[in-house]
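Below are two complexes that have chain A in common, paired first with chain B and then with chain C.
Take a look at the complex of A and B:
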């Protein structure tokens, strides 16, 4: 055999080997499918957070799996789940069966997440949820552990905990108003968008406010999630003499309501959930009228842990917006890295016990999973934040001396001057 | 033995003289063979999922055509039947542990009842008034779903249904055979005496009534039949996805079925079904292809809308009839269809020009 023929045979053999063993080449990277509605801000958050984490991990050498260092390869999985559940299932199935992802991270709409969860569990793939707050998704783990043990929820804190933070914020603002303005009984207007997820909060408010918090409900208003005018509701709230407006908004009505409330200078403090107020563009969108709005949040420029501020600043510099809670995919990748390095394998069954033992100080707090594989909430764990718009800046105002916790960078809550003026006059 | 041989010979005679001679029929036969033989070439879970969902939506689109295409009862809320059946199927399966072969037909019966509920108040309405009224029903039902979360699961829907079958391959054959079988049944209905009456109601209801036809009864029958077939699709969907949620009642689904049908070609049953088999995989393909380019995923719906608009502009009868009109021509004398390149009719030998 001459040299030329030998080289040709060697090259052909090499190509044949490469063609027959694609998995041998793919094995150098860990594939993580990032699931989210990528045309929407929630999906962008999923992708951006994961991208940052993957780049940082890869730059530091990758993930040590046994004796081998492996790079993270992200697979963008556009679930389009807001518009089509079948699209979401197709996308997950493709990620698992075609793209051969090792792990799944993300998801947003509960109905879609439950179906995607089933597909992931069928394939025994670890799925870290970073978007849906519904309690029932994690209840499945306790009800049928063997099947659903591969599921973990990292962000947000579940709907029950969100409710607790919601009422804690209301109580905090109520106490400040009582102290500052000398009010005896606080009057609260409950305003929640007409959506199914808000029903539980409204029902809880109807019971909790008068019975446990000593507050008087002056009325319940349920505008459409996409209302473009809330002046009628605001006029009624003003006439009812409300001191606080307890908001529950996840849609665009949050923007309309906050803008008109500020423009009309309604003498009441807006407290609660307003997803629009979590966005960086809220100030510009309300022409500054959204000042003093307080909402539950996950990230703010405060030192929840050592990694919060570097993450927040880097994210804002790179993507020109503040991270929303779906950017918790950043922490999800760190959790996976830690578990894989400890277990020394990518095998899902072997990884589950290590993920269950997760105790990681992430960007949103100390991250520990409970028996239902849900993120633990409370002092010393992930707490969530209360952020308020103050003179064009989003500021963390809660926790502030709550259970002994005040994150560095947290500022005191501020009452709008017209609220102070209105109620001080009446005294 | 001789009888069997005769039947085989007859089968091949029909195949040669009635199927192979017409591109439309040949394409249908090839499609059926390809659909049934596909798992021999690939059992990729993702690929099978796409075809399964496409088959389910094809039944749904055919059922819409039966009501709105053939009978002219423009239904803008067809997701009602799909959603009702999905929920009834889920409730029967989860609470009473009915297996899919019972829960799906009973879910379809639920959709038939929904057809009656919608059909009775809508009987006196026509055109846009009927369309808008039917549009309201799934929205009302969505409100009811959210109002009684203890029964319907509210926003989460009902999950944890048993699987359609024990394997994806079996799911594939169940949905494919159901689609082919129900498609054939719907086509036979439209080709029957009842179908002719439904067609007559669509063309001129007053004339049909003057001819002694109880149009009220037939319109109700159309609502119920359409509800039944859409219900089977809804039940299959619920068992395959293992979930019956509010998305099964979404307005988007009601419009989707209209788009599939208008694209494929209304008043044919096979047109809307073919429309689903073209558009559904196409949309999935676009999702995969455009997803590779960061700025393009938003273009998917734009491309989809452009495609539908172009179809409406240049193929007002729909894509399938447009293609068939180019591949087949009608004999001016005996009205039998012939392949486009024939100069003389295959039956009466008349000149085709």
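Take a look at the complex of A and C:
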């Protein structure tokens, strides 16, 4: 009887141990922790992009590490960073210590990414960021290279570059409005959520719009990132007679604002950053009131490179939605594969120089890291896109003859009929 | 600017009033601490979404079904989470917070964190004194008034209303007088949850349906009920408009500080309480009962 009990206990203990140490069963695989808020669109983008890449790489035989072919094994790490930063730190700690991941990819909110970055750097894990835009995350690399050299940002382009695209889009729409409606001086309402990353854009707008772009600022509104009602802001904007609303939104307020603006048919063109408008669900969530909203984006059904459209189409067919920029994890895995195969090792210190030399034509453009391990922006590299909702579809409207670039599939920008009607009458 | 504040504040206040009346009834009058009240409003919104968008049912059918199902859920919550601990207010508070969090997690797991939209009952907008207002907002304004009058009539002109007020005043004496206090409490819950559900039907198209949509209204409802005077339905109604006007004033007068509108509204509540700890209509509290 005692012997039987002993055997049962031993078996149970073994099973428990095996359950707690799943990594023991997968020694011949490369474990990549995909970090993201998995219950939200952003996390789904992280996971879906990585899943597609891992499946394609594994189907082609895997990753060649020295003489050995290794399969990619993805570990879903739900950071829950929208609701709790401590959840994010716990999740990444667990991914490193318990799941024994070799690499980390993903992250979204700057506040969470900076903490997760520190944890990853302590463990000397390569971490490719696919979500947070704040410049300072990469500045850390130049300020303390030895500690932060394992960090690379792939997507999106940093907040500084986003600002440049932002003002370019504003100038483009401004020129179209002047030409189409015969307006002389454009009045702009600046609406930016009250968040750290938006401060630089607001400060630049205050200076650039009147001094360099010849536009008049009729007011600056700073709603909460999670505001549930923007009707007062919209009433004030309408009273101010704005032709354009220059938006800077990364949170849910972008949806609220666009929805109410469309429902009230405020006679102004919404241009700028609105992360919610990058998602396929935007149309349904606004009940179609989000038509004509223009936002910076990463993906659209256009040929940025040879791999963009196949990726976009396959992603949409499989996941029933368009990829958002966090689906750049697809390219992140391709970059890791290339670096590992070239270095012939999974050792982080050995891999860093190879990652620094990355020059990959990915789905979002030519991907090259700069000295701060940040993705390079500009003609010939990743440019970003301007996409507009046109009758329920996300259409790329920029670059359109910008620096000689027009991606195949790009369509002209459209002004909302009520904007045309309002300002053609008045002017 | 005055007209803008007037119109916008009135509309905003109506939305808050619609949400606050049911909460005021259950918390202020019946003394049932149900923090899950706005989570039930969220449940109603999700059920309407399921009915209209996923099952393709007509809006009226979806709204009717949502109201019935939400009331049933509210009664189950009362039966299993509130009634056993009704004598212990702190326990009731914590239990209903837990219920609200559970509902949040259920919707998060089922629908993810996606922002969803419910179609308005009445589409389009109108212009009042130069300010554009959607018809759905006007509907909220009208319904807030109807609900206020209806609740008032129910409380003061029906036997059940009298029973609710009597039970709230002294549960034991009401019981000794032969009232079925459990039945009365369940009726109060049903009416209150029904109001939350109606609010969900009217307000959901104005906001975004998502798993944390119950939190902000809860904070505002607590502020409104305390500001108006605990137990006073009219007080909550007036409190709702005060906060609505305060928010509008912040946005129009300090555009750069429009993110402060909630905190300014809540600061007004604190200021009022410093001057009148019983709230604006606290004096009438006992008379109303």
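In this section, the second predicted complex is superposed on the first by the 398 of 427 C-alpha atoms of A that agree within 3 Å, B and C clash if a C-alpha of one lies under 4 Å from a C-alpha of the other, contacts with A are read in each partner's own complex, and residues count from 1 in each chain.
FYI, contacts are C-beta pairs under 8 Å (C-beta built on N, C-alpha and C of every residue); 3 or more make two chains touch, one makes a residue touch a chain.
Computed from a predicted model, the values in this text were never measured in an experiment.
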Review point. Counting only touches as set out at the top, which of chain B and chain C does A:359 meet: first, second, both, neither?
Key: neither
Check your understanding: So, A:221: does it touch chain B (first), chain C (second), both, or neither?
Key -> second
Practice item. Figure out whether A:266 sits in contact with chain B (first) or chain C (second), or with both, or with neither. Key: second
Exercise for review: Return the chain, chain B or chain C, that is in touch with more residues of chain A.
Suggested key: C
Exercise for review: Report for A:284: first if it touches chain B alone, second if chain C alone, otherwise both or neither.
Suggested key: second
Review point. Between chain B (first) and chain C (second), which does A:238 come into contact with in this model arrangement: first, second, both, or neither?
Key: second
Review point. For A:421, is the partner it touches chain B (first), chain C (second), both, or none of the two (neither)?
Key: neither
Review point. First (chain B), second (chain C), both or neither: which does A:306 touch?
Key: neither
Check your understanding: Does chain B (first) or chain C (second) touch A:403, or do both, or does neither?
Key -> neither
Practice item. Applying the touch criterion given at the start, work out whether A:39 contacts chain B, chain C, both or neither, answering first, second, both or neither. Key: both
Revision key, fill the gap. Contacts of chain A common to chain B and chain C in the A-superposed view 39, 83
Point to revise | Residues on chain C engaged by chain A in the complex (per definition of touch) | key: 1, 4, 7-8, 11-12, 15, 53, 108-109, 112-120, 125, 130-134, 137, 205-208, 210, 212-213, 216, 247-248, 251-252, 255-259, 261-262
Check your understanding: Which part of chain A faces chain C closely enough to touch in the complex?
Key -> 37, 39-41, 44, 82-83, 193-194, 219-229, 231-236, 238-239, 252, 255-256, 259-260, 263-266, 276, 281, 284-287
Practice item. Quick one: which bits of chain B touch chain A in the complex? Just the residue numbers, please. Key: 44-46, 49-50, 53, 146, 149, 154-157, 159, 241-243, 245-247, 252, 284, 287-288, 291, 297-298
Point to revise | Residue numbers on chain A that touch chain B, as the complex places them | key: 38-39, 76, 78, 80, 83-87, 89-91, 93-94, 96-98, 110-111, 114-115, 118, 134, 136, 196-197, 199
